[in-house]
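Okay, handing you the structure first.
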Amino acid sequence: MTMSEPGELGAIRSGLDRAAAGREMHELASELYPICRSITGAGLRATLDALGRRLPLERHRVESGARVFDWTIPPEWNIREAWIRDPRGEKVVDFAHHNLHVVNYSVPVHARMSLDALRGHLHTLPDRPHWIPYRTSYYQPTWGFCLEHARAERLVPGEYEVKIDATLADGQLDWAELVLPGETRDEVLFSCHACHPSLANDNLSSLAVATALAKLLQHARRRYTYRFLFIPGTIGAIAWLAANEQRVHAIRHGLVLACLGDPGPFTWKRSRGGDRPIDRIVEFVLRGSGRKWEARPFTPYGYDERQYNSPGFDLPVGRLTRTPNGEYPEYHTSADDLSLIRPDALADSLDMLLRVVEVIEGDRVYLNTQPKCEPQLGRRGLYGALGGLPDPGARSLAMLWVLNLSDGRHSLLDIAERAELPFDLVRETAALLEAHELLRPAAPEA
Amino acid sequence: MTMSEPGELGAIRSGLDRAAAGREMHELASELYPICRSITGAGLRATLDALGRRLPLERHRVESGARVFDWTIPPEWNIREAWIRDPRGEKVVDFAHHNLHVVNYSVPVHARMSLDALRGHLHTLPDRPHWIPYRTSYYQPTWGFCLEHARAERLVPGEYEVKIDATLADGQLDWAELVLPGETRDEVLFSCHACHPSLANDNLSSLAVATALAKLLQHARRRYTYRFLFIPGTIGAIAWLAANEQRVHAIRHGLVLACLGDPGPFTWKRSRGGDRPIDRIVEFVLRGSGRKWEARPFTPYGYDERQYNSPGFDLPVGRLTRTPNGEYPEYHTSADDLSLIRPDALADSLDMLLRVVEVIEGDRVYLNTQPKCEPQLGRRGLYGALGGLPDPGARSLAMLWVLNLSDGRHSLLDIAERAELPFDLVRETAALLEAHELLRPAAPEA
Amino acid sequence: MTMSEPGELGAIRSGLDRAAAGREMHELASELYPICRSITGAGLRATLDALGRRLPLERHRVESGARVFDWTIPPEWNIREAWIRDPRGEKVVDFAHHNLHVVNYSVPVHARMSLDALRGHLHTLPDRPHWIPYRTSYYQPTWGFCLEHARAERLVPGEYEVKIDATLADGQLDWAELVLPGETRDEVLFSCHACHPSLANDNLSSLAVATALAKLLQHARRRYTYRFLFIPGTIGAIAWLAANEQRVHAIRHGLVLACLGDPGPFTWKRSRGGDRPIDRIVEFVLRGSGRKWEARPFTPYGYDERQYNSPGFDLPVGRLTRTPNGEYPEYHTSADDLSLIRPDALADSLDMLLRVVEVIEGDRVYLNTQPKCEPQLGRRGLYGALGGLPDPGARSLAMLWVLNLSDGRHSLLDIAERAELPFDLVRETAALLEAHELLRPAAPEA
């Protein structure tokens, strides 16, 4: 029966044990949290390996030094240890205690220097004296340490010994992807950055949510092909686009996922065009959630939507977060830890993405087969027998809407938006009318 | 003189004795109120006969059993008597007292039964215990009685005798129409349903207003052809559309009229397209009325706008009511009686429709014959002699607006909307400028 | 370097001594104030002579009696003296004391008459009893005096002697213009009326501001050709349009200037189209000023925008004023004197026009030469070395915006509007990116 196809997804969602799913996602984030990730190196590979134990991922690589559009793949960075010893020889900062203590991509150093000279390499947050900031220097060869401002304030004058035992050497940039083929080659893209070390909301939350979503979609009947990307930020998206330049035309809808574990309201950052189908779909779903949410125009700063929306690609890709980057105080600090992300928020994000996928899968255009006047629903048992009541009831009204607007120019989403009805109800109504031969698809499907 | 043509309509409106017109419309409603109408049968014919004594109506019929699009014309329903006798033999419900006491289109019945068995056939309004509801069952063969909830509560246990002496037999569906030909074959449609028994606002009010409007338009010079339909709801509109399928392309503007006798503010329900000329015209007139009013988007539930706006027709037809169906407590109950409709409200509805017709008739596109710079209005005596005053005066300003926007792309309605001037003033100004050869019609008229 | 071209204008503006400029403009208005101007005659010529001592103006004339579109150039009006003597022989009104005392374009008269007969020729402002109104009668042969209402109230009965020693004779209509050629023949038009006698804000203010602007633009590098018109109102604009009918297609942007000396907020009256580039430019500049301002739709009443926006021309011309005509109490009265216009308001108007010209000159369309993904700004030294900061900084963000939107469909103004960034920053950013070969002009410039 026609209803069963999209219905499967709805059944998957309604059958989901949200508490268990939330716990499982939080556990994945907890497993990944201690790894020192970067845009290259062993930590990134260990992360992709962990995801690969849950999903049949394809692994890809590009060699250091390769050109990807205007960029060059940097040398691979790996780090073993890093510390600062104070004049008494005590380790006052130690990478072994927190991955954020080292400026990511620091060049190796082993030296003695005065506190004054050292201070030029220290990064702190004076306003948040107990948090360690997250800093990087991927493309400028330098080194540095990040630490709590309160700790930096307590450093005594004298000679310090600093050591960063890291390597920057020929290697590779890694990423992983999962393609779930559907009835058509048209693609839905989910893209997450996987390069941040020991930051939970940014972006272990989305790795966990995307993994859970992919696991569910593996078992769903799919009209679209789904592509999940787990890539280093910026350079990874650029490398992927360079490698897939001939393929991106198949992307019909795309979502960059980030910061999906905090309890804040959802924020949709629109595609560059602002009115692509994915913008309408996500905003329709958020509007229907009955909760606080926000849509914002595209800006060229943020996550990998920057690359997907560059003018030479201009892909229909927006970005879903809860509280966006830079707008929660813990952002890019050690306080973005496992306590910031909540199992229920992760489950809620998963649920919202399933709803988005349900609209993507279920939206299509039908033609009313009896377009001149209303068909007689009553003799088909589709309409209340008793007349004169002031209100036709939600189901009858949905039938009238679907029949009235199924003229080849309105999709089910158009109808749901205009009628202010839940997508589910509209889709189920269309299936019912199709079963009664009052609707037929507007065009044969591939 | 050019001004005289549309001016006649304005003269008709300004010469109208509103008090007399209101009384006359209320008297027509009072004459029709006692008749037991339905979508077929003698009551409907008696109603059309009464209208036919006021207007030279054409009568049409379709036989029972005929197919009209997806529907079949039902058997004709006629009723002689109907009552319920209580265990003591007393008539506790009697159709002779109120037409609403019988579910419209009830099948005949003569039986004895317990109160419990009877209750399955009784319809009441628990929230409005002294009102009789209006219920129908046109397409499901059943029978029933409607009564005051308070009366139903007082029924004592025991054996009841029920009788409905009605027939459902081969016959016909009737309607009436009036066509007032104009200079062009382009049509303006007014459509009223005429099938409701003993309900005053829904819809004797509109039968009365449409009759009064048609009588006035009979004596007006008409650019458009006007078509008035007095039809049974739903099946009548479907039958009319089926019979006139090749003709409806001529409909340029259409209004379904209903609920025009209560004192509530006007409500315009837009056409399915939402921006057809009739939508702009009616909203312009309502906006200019200086009173409370409302425009609402199309929905596929309501009166016969449902059929005219079905996707296979998509006609430019909206609906004018005062308080809409289902939004006043008396709707579809015995309280929708002659006291609910007011002569002054009926007169006010007639006035509003005349204003709408004035815009329909008067709107056209002119060309400024001196489009480069302003023409010198002063030497034609069209402009104040003394310069330097801070304000040109309303009439001069209207001239400047009409001249400035008469570029072939703006109609007089466009100009009135943009200049926020009354349509009358703009139309009269255009006539004056045309008389001075500063304007000419944009295209020859048929 | 590319930046230098539009930068020159910015340097001119930032180098402007606003206090000195304000004083100089007020002095010019003071010099012109005593002259009795009209739409023709010696006063108009004296005014154009005074402007010609500051700018290399071209002078133009049309003979009395010539046809200009629908109009005829009127005879030239000149006046020597005019007075009213009361029954005691005292001059109770004397043109020698104020130019406004005579209805402009009065026919000559020398007569004796009663006070009652005289009153038909007297114009006063009962609500403003100490102000003299400004009245004209260019095209109706009549005569009259304007005076303070309080003075008119004190006139005693008896025989009055009136004399207006004026001539209406064959002559000419004069105007002056200045053309500052630019790299292209595309024109920017500034138009001021120069016909009002002894009225400061309306319109000596704009003659002064336009003169100052023209002097500054003489020394600027110009992409556009600038045309300044100093013309009598209405008939002068009509005469200019008639003489330049084949040339007006070159006008890309136009501003009518008036009432620029009072301290009120700026008011932009949009072009007839409402969305021409000049509308967007001026509104962008006003929005960016951080001060109160207003944009209004076009109306066909006002100054010479009426003629430029007549349907046969429909030029992209709006109007910049501070408080508009008719909206300040002193408008068209003797109270619109030199105290109403302020040096700082004049300087502020000049500054605003310079900012408008900067956008006109600086706006253009670029193409991102690396449109696929972001270019690597860091290796060009264009991006902060340290990553992880929550905010990229205004300059980096401007670069990202310009790169993202430079797809051939967005001009720098489009980018500044969408990014809500100052035009200066966007233009300078574009120049920087062009210098780094990350942008190139979308099309070769003429």
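Descriptive notes on the structure:
In order of appearance the chains are A, B and C, and numbering begins at 1 in each one.
Keep this in mind: a contact is a pair of C-beta atoms (placed from the backbone, for glycine too) under 8 Å apart; a residue touches a chain by one contact, two chains touch by 3 or more.
Model, not experiment: these values are computed from the prediction.
Matching CA atoms, the turn from chain A to chain C amounts to 120°, rounded to the nearest 5. Homomeric contact chain B/chain C: same residue numbering on both sides for under half of the interface positions.
Spacing of chain B relative to chain C, judged by their CA centroids, is 54 angstrom. The residues of chain C never reach two or more other chains; the list is empty. Only residues 368, 370-376, 378-379, 385-392, 397, 400-401, 403-407, 418-419 of chain A touch chain B when the two sit together in their complex. Within the complex formed with chain C, the chain A residues making contact are 68-72, 103-104, 123, 133-140, 142, 234, 237-238, 241-242, 245, 272, 297, 299-301, 306-307, 309-314, 325-326, 331-332.
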